[in-house]
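In the two complexes that follow, subunit A is the common piece, with subunit B as its partner first and subunit C second.
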Partner chain A sequence: MSLRATRRRRQASFRWAVVGMIGLFFALPIFGMVEFTTRAPGGGRTLDTWATLLDFGAMDENYPELKAGLVASAGLTVLTVVIMLVMLVPTMTWVRLRLPGMRRLVEFVCLLPLTIPAIVLVVGLAPVYAWVAYFLGESSLWLAFAYVVLVLPYAYRALDAGLSAIDVKTLAEAARSLGAGWPTVMWRVILPNVRTAVLSASFLSVALVLGEFTIASLFSRDNLQVAINQLGHRDTSVAVAAALAALVLAFILLFAMSFVGARRRTHRPKES
Partner chain B sequence: MSSLRMPATDRPDGTRQGVAVALYDLRRAYGPVRALDGLTLDIAPGEFVALLGPSGCGKTTALRVLAGLEDPDTGRVEVDGRDITATPTSARDMGMVFQAYSLFPHMTARQNVEFGLQLRRIPTARRRARGAEMLDLVGLSEEAERYAHQLSGGQQQRVALARALAIEPQVLLLDEPLSALDAKVRVQLRAEIRRIQLEVGTTTLFVTHDQEEALAVADRVGVMRAGNLEQLAAPQDLYSRPATAFVADFVGLTNRLPALVEGGRAQVLGTSVPLLPGSAQRGTATVLIRPESIAVTADPAGRATVVTASFLGATGLLHTVTESGESVVAQIDNEAVSTFNPGDKVTLIPRPNPALAVAAD
Partner chain C sequence: MRPTGPRLLAEHPNTRAPNGRKPLGALLGLLPFLAYTTTFLLVPTLIVVVGAFLDGNSRPTLGNLSALAQPQIVSAFIHSTVLSAVTAVLGAVFGALLAYAVSTAREGGLLRRLVTSLCGVLAQFGGVTLAFAFGATVGFEGFVTLWLKKYGIDLAGSTWLFEPYKGLVLVYTYFQIPLMLIVFLPAVEGLRPQWREAAESLGGSTWHYWRHVAGPILAPSFIGAMLLLFTNAFSAYATAKALISQGSPIIPLQIGGTLSSEVILGQENVGKAMALGMVAIVAVVMTIYVVLQRRTTKWLGS
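This part shows the complex of A and B:
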């Protein structure tokens, strides 16, 4: 066997070993969660916990905090994504078109939340939320304003990559010269060409919102993670099942994100 | 056949389809740089004007101001006698082809061409017919369902041209649309642009830094320098009757030769040549003479020496140096190139074509 073939085989073995170790690292806790949530009281296995989790009627009756948390997180997810997109896409496009000198500043502002611990954010936001509660009420949905700040760095990066892949200025100018106003330029020219980036930013935001605990807990608001934490004191099995379900949902979303990106690349007609 | 196919001058009512365009005293500064410095330009209905000049001379800024993509600091833009200086780009009714490829990547060639018509709420059947007609006009009917990345650079610019023309714009603006293409495609496409412009008769402003391109396609060529027009003239006049030394230098090759000027004529290389209007009137001057305006004969007693003889395909160029040290370039027959060798003595005789004389450097 040649030296090159031996080396290639060693490299492949090393790669598989690394992938296997990482797989174990992720799989073991998940396996532990599955094992724990399928334990029957007298020994053996049961899917009762999962059946409870999927029965919304029973959940409302037995675990109202979980349902409330789930509903709040669903609402927060939608609201956060909508606010993030409405705020970020036009701003980033406008900065590219008209204020290129501001690009670094906008990037810095968007990446800033990465460097601020959640507790500091909460201290800063507390007085703001006093006013929010005064004007808009105590609903957990208003956490979306804080979550938009949290998702900014990830969303910015995803959208920036999408906008960098197209010549925004020329496309916008071409559309305007053909008679398109700014809303048409955004809706019919820019957005379709950064669709993958918008989806990436949205999925990342969803995953982040679904997993957020600190801010909601410190503001004493409901969301899925807070509900799971509360439930953990009362029914650990259902709490772990809910946590696992949230984790799997986040995996599915991230997988969907990479799948959408890949499908868009592979479905493009071939070069002539 | 649609009215678009009628030549501008052959319409039944005797009118041209294009509209008059006028730029008055346009000024635009970017910090300390004056991109436009009092530019005034009139374009007749249906006329094809090319703006030519070195990088940074303001030609693209002028076109962008006309398109509404830039606002002038002062000055006025009129189309068909109407002041449109404050009109937004989307309401100016101008078709534009950009230097960068500008097809919308998520649309096919047909969808790109129909985009402007969709915005104007043209019924689907008419839109389709118009789109097909435009693609046919640029010779890309077969590529209608292809996306931008499936088209070559030349095809993309053709589609961009079809898209710009589909909306029947009052003015067609071409911002160096050929500069990203290779030389052969560029020559083909520029001829096609001219053919199409003559067919549709739309008033056209074409910006380029390629003088051959400008001279080949335009009715008139404007040479710009430092934000203003140096000369606006028909290509032949611009070439053979440059108004300034800058124009003579910028357009084509020019020999700058010392001469004595008197009575409308210059004594240069031992020969008297007539001078163009606007030339220096008397005394020592620099005369600007084109290489093709200098005849060369092999002569062992000649007062110039061959430095190099270059074969350029259709023609040849002879680089020589005179006894007094001036470099002189002469255009020669391509077949004569091989008859000259470095070090050969030659006699240079300016032809009696009018030349421009400027005050000596």
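This part shows the complex of A and C:
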């Protein structure tokens, strides 16, 4: 098929042209950060800024807010993913099994944050968080409650795609008829079958939480981005380096997770 | 509803309600989800909607809405709307191009994986990182600025980077394109090579294929994605906050200002009125989307 071969060649050159051009647009600011953080005072290049950033002891002493922000963001990431999964996976499975009539409602509620801008939610959340602080204390960790709402639409779509791909009802009935309780059904039957969807839902949540600034900043809580922004007022080079490091780390994390998901999927027939 | 396999088994009375639960009991399973979303999503929304019509002493008033007529708030609304619309279109066009280019690569290949992961990060990592990145590139001390200076072009002389229709368009497009790729790639992946071959075997050119086959199929998801991009830019706060140190040219910054600073007596709830205004604009855009989608469905059906 020479026609197909010609098209494939043409598609390949089109692909590289587009990826190259848009890639350049994306690479320039990233390169700008690298260039900025390696400037030496008199002109020329130095790795001093990066040496400072990697000297954890000194960083901890001179810029304690960065470590606090990093710890807070790590905790927020875990808590957000856990709440999101513990709430959504059983609810969505349950709706498919027992309450198909409620599916529209759950979908509507989950997609609602797409139409309500985050800044609007912040305005409304301020009184709610006054209560959260009253009952649970002022810890930054409780921001996770709001973050779950922000990731709801993305997580719902990912999980919905996963649950649609398997026959939830038959699987659950089969497990039940073999004497499994609901926790076993969830943990050992449904969850392993929607592993890829769970991973991609978590994947989006991790990226969102690590990059979140708005809510934390307006509620005067700590997280990574707030810390980096504060650092920017004191030492611009170190702040830019920290921002770039966070971006690269998040990218590596997401890239690695994309392999985990794919490998598990290809291995699944062997496991079962 | 998707047809499920062994329907008979699933709907057998003995297996339908193993614990003898009634539908009312089944509804209890929905309770945690409803309680959570009520507390952290519906209640905040109601606080905004109701609060927009209350004064500082919780008495009903229309004063907050009339306060929206202040020139700086009106111009912030216009800036935000135009900025979001322009970057939604730019992001959608370039993002769709990128999505199509990536979709022609091998599935599970390195390029596709690299681009999706990168876009996943860049779409969410707006804010501070982006402000720093553009500051280091075209800011006062940015390398492009310094480089252009050698050729007599002075970027540092003006505040173009902080202006809504210049710098912000550039910076916003930077996070709109990755988001477009993420939401639009699945739609482009749904295009089957067979359709192209069918079009070609009937003598259709590439233009015919895009005009009569791929275009109409992708149109609803394209418009839907563009709407998502609009609300994404419309509600973006972090990037502008980290970039702009003086003034609040866009509406999220105006709202943020009412939350973080002392407010004038009698204007306690103007922030809520502005928030309600944002919801109203999103609602208008959504309506346009629904109308457009109905059109395209009709067009596809005929």
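The rule we apply is simple: the second predicted complex is superposed on the first by the 250 of 272 C-alpha atoms of A that agree within 3 Å, B and C clash if a C-alpha of one lies under 4 Å from a C-alpha of the other, contacts with A are read in each partner's own complex, and residues count from 1 in each chain.
Everything that follows uses one rule, which is that a residue touches a chain if its C-beta (ideal position, glycine included) is under 8 Å from a C-beta of that chain, and two chains touch if they have at least 3 such contacts.
In this text the structure is predicted, and so the values were computed from the model without any measurement.
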Which of subunit B and subunit C A:S217 touches, first, second, both or neither: second
Which superposed partner A:P192 touches (first subunit B, second subunit C, both, neither): first
Touching partner for A:D167 - first (subunit B), second (subunit C), both, neither: both
Contacts of A:S177 with subunit B and subunit C, given as first, second, both or neither: both
Subunit B or subunit C, by number of subunit A residues touched: C
Partner chain in contact with A:I228 - subunit B first, subunit C second, else both or neither: second
Which of subunit B and subunit C A:A146 touches, first, second, both or neither: second
Shared subunit A contacts, counted only where both subunit B and subunit C touch the same residue: 167, 170, 173, 176-177
Residues of subunit A touching subunit B in the complex: 166-167, 170-171, 173-181, 184, 189, 192-193, 268-272
Contacting residues of subunit C [partner subunit A, same complex]: 1-2, 4-6, 9-10, 15, 18, 23, 26-27, 29-30, 32-34, 36-37, 39-48, 51, 94, 97-98, 100-102, 104-105, 108, 111, 113-118, 120-130, 132-138, 141-144, 174, 177, 196-197, 200, 228, 231, 234-235, 237-238, 241-242, 252, 255-256, 259-260, 271-272, 275-276, 278-279, 282-283, 286
Subunit B to subunit A touching residues, read off their complex: 67-69, 88-96, 98, 100-102, 104-106, 115-116, 119-120, 146-147, 149-152, 160, 163-164, 167, 173
Subunit C-touching residues of subunit A, taken from the complex the two chains share: 3-4, 7, 11-12, 14-15, 17-19, 22, 25-26, 28-33, 35-37, 87-88, 90-91, 94-95, 98-100, 102, 106, 109-110, 112-128, 145-146, 148-149, 152, 164, 167, 169-170, 173, 176-177, 203-204, 207-208, 210-214, 217-218, 225, 228-229, 232, 239-240, 243-244, 246-247, 250-251, 254-255, 258-259, 262
